[in-house]
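Residue numbering begins at 1 within each chain, and the chains themselves are lettered A, B, C and D in the order written.
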Amino acid sequence: MLIVMRYGATQPEVEKVISFVERVGFTAHPIYGELQTVIGAVGGKIIDPRDIELIEGVKEVIRITSNYKLVSRVFQQEDTVIDVNGVKFGGEHLGMIAGPCSVESYEQMDKTAQLLKKSGVRILRGGAFKPRTSPYAFQGLGEEGLEIARAVADKYKMALTSEIMETSQIPLFEKYVDIFQVGARNMQNFNLLKDLSQIRKPVMIKRGLAATFEEWLMSAEYIMAGGNREVMLCERGIRTFERVTRNTLDLSAIPVVKKLSHLPILIDPSHGTGLRDKVIPMSRAAVAAGCDGLIIEVHYDPDNALCDGAQSLYPSEYDKLYHSIKKIAPVIDKRIL
Amino acid sequence: MLIVMRYGATQPEVEKVISFVERVGFTAHPIYGELQTVIGAVGGKIIDPRDIELIEGVKEVIRITSNYKLVSRVFQQEDTVIDVNGVKFGGEHLGMIAGPCSVESYEQMDKTAQLLKKSGVRILRGGAFKPRTSPYAFQGLGEEGLEIARAVADKYKMALTSEIMETSQIPLFEKYVDIFQVGARNMQNFNLLKDLSQIRKPVMIKRGLAATFEEWLMSAEYIMAGGNREVMLCERGIRTFERVTRNTLDLSAIPVVKKLSHLPILIDPSHGTGLRDKVIPMSRAAVAAGCDGLIIEVHYDPDNALCDGAQSLYPSEYDKLYHSIKKIAPVIDKRIL
Amino acid sequence: MLIVMRYGATQPEVEKVISFVERVGFTAHPIYGELQTVIGAVGGKIIDPRDIELIEGVKEVIRITSNYKLVSRVFQQEDTVIDVNGVKFGGEHLGMIAGPCSVESYEQMDKTAQLLKKSGVRILRGGAFKPRTSPYAFQGLGEEGLEIARAVADKYKMALTSEIMETSQIPLFEKYVDIFQVGARNMQNFNLLKDLSQIRKPVMIKRGLAATFEEWLMSAEYIMAGGNREVMLCERGIRTFERVTRNTLDLSAIPVVKKLSHLPILIDPSHGTGLRDKVIPMSRAAVAAGCDGLIIEVHYDPDNALCDGAQSLYPSEYDKLYHSIKKIAPVIDKRIL
Amino acid sequence: MLIVMRYGATQPEVEKVISFVERVGFTAHPIYGELQTVIGAVGGKIIDPRDIELIEGVKEVIRITSNYKLVSRVFQQEDTVIDVNGVKFGGEHLGMIAGPCSVESYEQMDKTAQLLKKSGVRILRGGAFKPRTSPYAFQGLGEEGLEIARAVADKYKMALTSEIMETSQIPLFEKYVDIFQVGARNMQNFNLLKDLSQIRKPVMIKRGLAATFEEWLMSAEYIMAGGNREVMLCERGIRTFERVTRNTLDLSAIPVVKKLSHLPILIDPSHGTGLRDKVIPMSRAAVAAGCDGLIIEVHYDPDNALCDGAQSLYPSEYDKLYHSIKKIAPVIDKRIL
């Protein structure tokens, strides 16, 4: 912790700060600059920096230890690679996940999966419990949705991912899914994160709408801290002043996260843009920026989708996208199945 | 729903849209302007506007029915007034809630409540389960915290409010609290909102860090839709580019919400600013803007608080604030106990 | 400057940084913590911290000297008080400025000023050159507008303020206005700021839509650095994700700026909210939070205003607002004429 | 213009609105829905929608005509292609611009340009007048900088672009540059835009830090409205809550702008990320998303650059980037020299 004194702070003020931090267990190292004094405080317990900021003469307090440890590249230098049904995420690998926003019926899942299978997809997505802003909107099929999605995934030898909404659903999801998906709105549902740290299946955690990189990594830390080391991060757009796009897809998350952490980072261009004709260019961009995976909404008949049809690709578009990605990936030394 | 065609859209394009919306149950009313055609679509089911935006020739689709009903001032013209332990929120009434960020010990709660009682406080706050960004930070005393807070509240004839984290905690909280508090991070924890709609105690729902007014009101709608009509809204700061203040306290929420909804709106200046010396001016400002209540962090000894001491007032500061508020409230025809 | 090394940085990496900063004139003070090393660097020239961030082993670099000096409360402890036509801004004084968004005609200015005079207004506002997003919108009357506004101000013994758009207009404005207004879009028009530092009339500088407090103060520093010490700051709303209000009026600017700087801070609730019915509560709130002045749009006939009528008060509303403010101001020890 | 009445608005309220809009020249087309009435208003002059929003019973007013015309794809279907020194921007072409942030000396420009020439660069960038947040920072070499940059550009048969700060500099810049660059802070310096509409050289206009797509296109409209049709747009990052990256580079600007407008869109990954190691992945991503050009900061010796060295590439990095871009461009049918 670094305590920056105000320009003009008096020596007694400096000493008061030193005695405060020493009282709570730190060793103080004052640096007397020309204009300002800075006090390095080493070795104490975690305290709220604002407690010190309110001491007379203090300008600001700067925390220097990132709170995340297990997710950090310092803790583990080599990339974490997660393998689900032979599809790898991380390192030199780029994995693909595709499927509809919501499970609507067996027929819908079956038709969609059949087409995706032809494009090489081995991991299916499909929401059964949908977080909806309005209480009057379609809330998903619930367990029936999971059953359908599982049956279809099995039929096509695919793995399955679906979004979990709260801790009580964990036993249910364990029966059906291969990857637990934590939605953006639940990124700081800490009870859920703690309980997911106890399971032994991969968890994909989406970045919250207004979450900083640090907060996002801290949420991943919750999962790793409990012993679950298979965590994937997924950027899906942040909220900014711009509203033409549903969200602002922050692709700089890719190089930022890869520098700070060893965990794989995926991109969800479907939620990140909210419009089908933006999904394709942004998917290509994500690959060129070095992402470790994509999760893309595809529906065999988007015009009649119950949910987010407008951001779902037609299967033929997915296929075309897949082939362009296969050409871009090698340019940055990534392998895709 | 209004469908705005692009400038230069052809008549066949217009007709394709009309037939689409009629197929899904709407009646279409085209308006042919000089430059553009707009199609009013009336009476159909809820559909995703983006499905229409992707039809050739369409520029944008505008939803005209707000999705919230029960929380709307259209549904109920007169202000909802909520009475907790004789303290009223809403209408001409301004209610006060105060107490520490976290319950730390019986002694801490007792000393704080004793002092607050003298300043007329009748509703005590205190967190038992704390949502913390870091898994390594103090997470609250849990049920023991609720027990302590309840015992102290009873001793001083106060009501109690505390933050609930997930649905499984509802039975526990029903035993201890008079107002259920839903934190900013849980504003869109829809499972929690649904279950809180079944209880019969007031719920205070904080605005999410990046939640629009509409999303916030929709979350309140979740609670009212299940039959719980005692909902209070609480603004606690939104996330913007500015980081000197912990959040940007959006006081315009007060006139905006009061126009759109009949529900009481409270302000939390402690989280909204994050620094004690900003709490007092912003509290006064909130009252002058017409808020229906304040929830303020006060600790008998902020310098030694386990959590958020830096934004907690000293009891003497609270007392001084209270007296200045008592002078401002009548200027805008508000009554405070 | 503080250089935070990564957790795990090697001693040679630390030494490389030390030699780098010493080479560019700093004295290095390494602090070896349990987990991380921090190097305090004192006394060198201003350098781009990112140059150091790119050295192997460096986590981040923290600048500790604020770049603003003259505007800082460290430089001048007592509040700057600016007197314009007997109206004071700063210290214990609260000053009022009112008038229409744009000068439209002599009649419009005369009728508006006559009514404002009765409510005690001594400083008139009115735009002659209007910054408009669209090239096809009304751009103001130009010099004729300044002439009209000056004539009316003189008639009612008022001072005048109007917005300047670029450096070439300075001689023109010097003839007509008593306070130079720099709009939000020009907050970082550095050529304009430099030239305004050479005049000897007060300058009111509005906060840019996305300007941090530091950037805003730095722009004020540009004006003071050239020798003009009469600078007023004016908060007029920042841009956030919320679009129900035109901008988000950030009233926390008041306590924040008053702590960092000795300069007076005014609030513009008209642009800050964009809607008349929000102007009144937010004006009261600004006063209760301790602002040093208000600048409010008033038009004798807002329904027929050429510009921003929707956010202009009726003169009777202004009068009512003024009387409520007179009651709130003394509560926080502010004096208003 | 569409006027949405509140749910429950009375017939007299509806009629009052109709008579208002007819009075100002519109033809009114009411649509009576089940829950709400909407009034289409066609053919009148431009008015401030908020004037109508304040009429009793009105919920909101929606403008349906975009204010930009000349920049719109409706006005011109085919892509504008701008040719500078044989480098094309727009359509199937991808153009490159590179050079240092600031002109520092003849030697620096010469060494940098010599290396860039080898990587095929034909358009050099270099700032002579620098917009700096602090009055105490290096402000550029001024005219001398332009002279140096021009001499070096001529030596290597390159074109030149540099940032202009205000209208008075136009004659000076006309002597030296081939592309006028308008910086993000000047995107709404309307006087400058108007004067640039009179010149006959390409203008590159950067997106403001908090500018919406519509505002940005409106600023381009200012330039086209005066007769200058060679306008390039340049995304360089927007300001969001995230501060790890200097700005958030919004690559979705590429598909969004290409749909709305025929003008070429360039990306500036150097300012957009602020860190060298993010520039390369984001440049590749921009190309994969379909941008029409890149402007990249390169310095022969970034470690000793006077300005923004940390975001400048080494020439060898530029060369490597260029070769990877050459492989990605054909995947999306783009040609690069």
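One rule holds for everything that comes next: a contact is a pair of C-beta atoms (placed from the backbone, for glycine too) under 8 Å apart; a residue touches a chain by one contact, two chains touch by 3 or more.
Not measured: the values here are computed from a predicted model.
Chemist: Counting C-beta pairs in contact, which comes out ahead: A-D or A-C?
Modeler: Counting C-beta pairs in contact for A-C and A-D gives the edge to A-D.
Chemist: Would you mind checking which chain's C-alpha centre is most distant from the centre of chain D?
Modeler: B
Chemist: Which whole number of Å gives the spacing of the CA centres of chain C and chain D?
Modeler: Whole-Å distance between the two chain centres: 26.
Chemist: Approximately how many whole Å separate the CA-defined centres of chain A and chain D?
Modeler: Computed value for the inter-centroid distance: 30 Å.
Chemist: Could you give the separation in Å between the centres of chain A and chain C, each centre being the mean of its C-alpha atoms?
Modeler: From the centre of chain A to the centre of chain C is 38 Å.
Chemist: Provide the list of chain C residues touching at least two other chains, using ranges where the numbers run on.
Modeler: Correct list: 210, 239-241, 243, 277.
Chemist: Inside the complex, what are the residues of chain C that reach chain B?
Modeler: 210, 212-214, 238, 240-245, 248-252, 254-256, 259, 272-273, 277-278, 281-282, 284-290, 324, 327-328, 331-332
Chemist: Where on chain B is chain D touching in the complex?
Modeler: Per the touch definition, chain B meets chain D at residues 2, 4, 6-8, 29, 31-36, 38, 40, 42-43, 59, 62, 64-66, 72, 74, 239-241, 243.
Chemist: Enumerate the contact residues on chain B facing chain A in the complex.
Modeler: For chain B paired with chain A, touching residues are 46, 48-51, 53-54, 67-68, 131-137, 165-168, 185-186, 188-194, 208-210, 215, 218, 221-222, 225, 239, 274-277, 303, 305, 307-311.
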